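Next, two complexes with chain A in common: one pairs it with chain B, the other with chain C.
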Partner chain A sequence: MPRRVSIGFATILVVCILWYALTTGLGIIPSGRFPSPAETWSALIHLSGRGYGGGDLAIHVYTSLRLVVLGFLFAIVTGVPLGLLMGWSRKAEAFINPIFLIIRPIPPLAWIPLAILWLGLGDAAKMMVIWFSAFVPSVINTYTGVRNIDRPVLEAAYMLGMPKGRFVTEVLVPGASPMIFTGLRLSLQASWTTLVAAELVGAFYGIGRVLNVAQQDLYPGMILVGMIAVAILGWGTTKALGMAEQRALRWNTAALAARG
Partner chain B sequence: MNKQITFAHSIGLGILGLICFIGLWQGLASSDIVPSVFLPSPLEVYDRFTTLLERRFAGATLPGHLAASFQRFAYGFILAALIGIPLGLLMGWYQVLDEIVSPLFDALRFVAPIAWVPFAALWFGTGIGGPIMIIFAGAFPPCVINAYRGAKFVDPRLIEAANMLGTPSHRVIREVLLPSSVPSIISGLRVSAGLGWQSLVGAELIVASAGVGYMMVQGQANVSTTTVMAGMVAIGLVGLALDSALRLIERIIQRRRGLGQ
Partner chain C sequence: MGVIQFKDVGKIFGPKTTGFKALQDINLEIRDKEFVAIVGPSGCGKTTCLRMVAGFENPTSGEVLVDGTPIKRPGPNRAVVFQQFALFPWKTVYDNIDMGLRNLNIARREREERIADILNLMNLTQYAGHFPHQLSGGMQQRVAIARAYVLDPDVLLMDEPFGALDAQTRVVMQEELVRLARKNPRTVLFITHAVEEAVYLADRVAIMTRAPGRIKEVLDVASIRNAENWDSHEKIEDVMDLESFVHLRTHIWRSLREEKAAQHV
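Coming up: the complex of A and B.
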């Protein structure tokens, strides 16, 4: 849609001009409240060159990205099989569901103080809360995905005497995969929110650490750089997951069409 | 599906699951593997919870902290609904507005609500204004998105019928578009409430001088694991109550319009 795209570009352009005009040109917004484009740029140079908050941009980005990816992968490895099990076996569902009902209302962010008490301010505590925030959506969506598989498909596989292993890899996982990916996208978003919060509460490196120090130093340019970094990382990882999804669901044209 | 099981069987298994969970917790807590400072038993957490109902910790009792948190939550949530729902509806009706706002919205969507904490503190302070802005940042997007969907995906036949019968456009908006977007708006509000409540907890962990999150941070600083866990329980209970209340409203509205069952 070229009209949509051109209006989009025009909007972004107008916002950038407004940003420049309000901060630098007319000076309506004081630089102590919101940084001008020049201040933001110099904060970015400061962060990537000399470093800020204990390290340079590369170290902070690497720390945050590594924690999110590891915590997220760990949540997939544990959450998806549990969701498959709960979806497949009524007994497992009946056994595990009440425990879930108790733990689920507690938001992942509320685990941060406990994680710090248990594991300190290092990577382990962050991994724990990221795992926790990503685990719940992956379990629930995998479970729903298995429940939504057409009954005849399951019965056919059963009737043809498919061995258990092949049944899981060739029927359950592919059948549930559109929902699994929906869950993974929610998990990924939750991972970033949790990581930023955990790093804001206490960390040695990471984008959240940059934001925290910038807040204490009253350094608006650096705050904005930190926020942009969070947004770009979140966008990039979501795109990567989307590409993985396209590859994984290539066989399933209906699922892809539903996604648009 | 795998073998069906009877209702009684499933209740039994559920109770067994809970017993295993609490038994494991109790067992770990009373054994020497984990120091009890770090893993108090369920009973100790319950004791602490009831104590906190009456005794002050970090400046207020638990109900006091909850009231402070809930007040901020209510302001932020209502603000998000008051701005977000009309914006979403207008975006759904006027394509130009949709085309103008969507790129900005998409760009901001990837900023985690919690990442607004430094600016929120800078602009509105850490008392009540800053946390309200964080709740707003968490609760605003679902309000907009669901109101937008509600307005965008109204059955076109309804509008065509109304137009054909010569209904004036302000009546079409009030009597066709608005009622048919209500279910989507309500489910958006439910998502909003959950995200807003969670963002509030995050904001209070980082910058606040009262509220449940603040109480938990103080508990953490004093190595009082029971206080932290009691805070988690309280947060979970309030979150659950909020969700149930909105679910109830959702159901009442559906029943009124004969969409129940």
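Coming up: the complex of A and C.
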């Protein structure tokens, strides 16, 4: 095991021991404020067995994960091409940038009431809010990535007589890809943040729903289970994206060095 | 064919009246298969001359023609070798060289043969699968030269191609370029500020004035090279020792020094 990983595990272990000591062992933190390990464990059993907040763990996880993945994918298939267009064409940039300047300062969460008003409490409203929050980082970073491609590299492409389609797929996209991936990572984080917030406001299933009901029931164990579930899912999806990035950017020394 | 003509070419960057006057009254004709080097003080517009032939810039006045046709845009009949190599970092050596051939819609079999030939000629065969960042600067520039040469272009445009290389690598590359140019002659426009490099490589050397750049003098190196039989010497240092070489080099140096001196007045 690499040194960094073993240190990481040690830290988690120490936190768990501290958690146990402060709650169960010494009783400094009362269980009404923060659950003990045992209470958290029983909440997890409760959620995955009988179910809680209208469904069991699998349904809640599936609902949240599905919405995040769909909303995120929807945001990147619209955001990345728009970023490419803005990075490439001064006209498109001049046209689209003002819209961004108006929309960008609005926090994505502020769209939740409007989304619910338009689309109700179902999946569509949540997808719309996730799209709003994940779209902007995708566009901005793709745009920056295109602008950062070395001028001589672009000129080499012109000199080689590259047809338009090939120029996009073999020069613009790979040239901007380190920044595109930076954008995607930000988009993914934003997707999780907004999803949980949107589910807190109103949902039938999902981890945000679990958190919301647990809060109303004064059930700290269940709140912690929900938080841990979001953490694990967020970590897992980020990891998957990181693996995709590593595959796509094998040529990129900077990316390799940053990981080494 | 590959005849390059500059006819009364002027270039102003920015607005016509207040902008920066980079070039003025450039008249130069480069014959088919001729190797011409342009030297000049920095900022004299020599790179701009090359960029106009490449199609990256348009002249403000006058015309730049290749084989009698005014240049409108970049194209693979005018291959460029850049100072900073400008390879596609996300493509292997092989795919970098293949790019231009694919754009010309050449059949796979022929592409493979031509790439194998050029890799062999440039001693790159064992690096075909490497990415550019895995190679030294000299190797990367070899790939860039191969990428240009494989297109079999009418003209080859080299913009200070060895300027970013260390001195030893530079000498090796100069010798290789001479070897390549003798074996497979092309019309070459070569921009440099290294006087010895220009004299060693070129058939003719054009000296430019400081900005706004004009052609001050064009020296015929080829007739001296042939008369003194430079090519019988394999190593660059042997050629540089010859009296005829030293004489030419000193002449160009003086001419450039005059420009430098005038710049500071």
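FYI, the second predicted complex is superposed on the first by the 244 of 260 C-alpha atoms of A that agree within 3 Å, B and C clash if a C-alpha of one lies under 4 Å from a C-alpha of the other, contacts with A are read in each partner's own complex, and residues count from 1 in each chain.
Note that in this section contacts are C-beta pairs under 8 Å (C-beta built on N, C-alpha and C of every residue); 3 or more make two chains touch, one makes a residue touch a chain.
Since this is a predicted model, take the numbers as computed values, not measurements.
Enquirer: Quick one: on chain A, after the overlay, do chain B and chain C clash, or do they fit? Just give me the call.
Expert: fit
Enquirer: For A:109, is the partner it touches chain B (first), chain C (second), both, or none of the two (neither)?
Expert: In the superposed model, A:109 contacts chain B only, not chain C.
Enquirer: In the superposed model, does chain B or chain C contact more residues of chain A?
Expert: On the superposition, B touches more of the residues of chain A.
Enquirer: Look at A:3 in the shared chain and tell me whether it touches chain B only, chain C only, both, or neither; answer first, second, both or neither.
Expert: A:3 contacts chain B only, not chain C.
Enquirer: A:12 contacts which: chain B (first), chain C (second), both, neither?
Expert: First partner only, chain B.
Enquirer: Is A:27 contacted by the first partner chain B, the second partner chain C, both or neither?
Expert: In the superposition, A:27 touches no partner, neither chain B nor chain C.
Enquirer: Is A:89 touching anything from chain B or chain C once the two structures are fitted on A? First, second, both or neither.
Expert: Touch partner of A:89: chain B, not chain C.
Enquirer: Using the superposed model, determine the angle chain B, chain A, chain C defined by their C-alpha centres, to the nearest 10 degrees.
Expert: 90
Enquirer: Should A:163 be classified as contacting the first partner (chain B), the second (chain C), both, or neither?
Expert: After superposing on A, A:163 lies in contact with chain C but is clear of chain B.
Enquirer: Of the two partner chains, chain B (first) and chain C (second), which one does A:175 touch, if any: first, second, both, or neither?
Expert: Touch status of A:175: second partner only.
Enquirer: Could you say whether A:152 touches chain B, chain C, both of them, or neither, answering first, second, both or neither?
Expert: After superposing on A, A:152 lies in contact with chain C but is clear of chain B.
Enquirer: Should A:192 be classified as contacting the first partner (chain B), the second (chain C), both, or neither?
Expert: First partner only, chain B.
Enquirer: Considering only C-alpha atoms, give the closest distance between chain B and chain C in the superposition, rounded to the nearest Å.
Expert: In this superposition, no C-alpha atom of chain B lies closer than 11 Å to one of chain C.
Enquirer: Going by the contact rule set out above, which residues of chain A touch chain B in the complex?
Expert: On the chain A side, the touching residues are 3-4, 7-9, 11-12, 15, 33-34, 88-91, 93-99, 102, 105-114, 116-118, 147, 151, 154, 189, 192-193, 196-197, 200-201, 208, 211-212, 214-215, 218, 220, 223, 226-227, 230-232, 234-235, 238.
Enquirer: Over in the complex, which chain A residues touch chain C? Could you list them?
Expert: It is residues 150, 152-153, 155-163, 166, 170-171, 174-175, 177, 251-253 of chain A that touch chain C.
Enquirer: Of all residues in chain B, which touch chain A in the complex?
Expert: 1-5, 9-11, 13-18, 21, 38, 96, 99-104, 107-108, 110-119, 121-123, 194, 197-199, 201-202, 205-206, 213, 216-217, 219-220, 223, 225, 228-229, 231-233, 235-237, 239-240, 243
Enquirer: Which bits of chain C are touching chain A when the two form their complex?
Expert: 54-56, 73-76, 78-80, 82, 84-91, 99-100, 102-104, 131, 133, 147, 151
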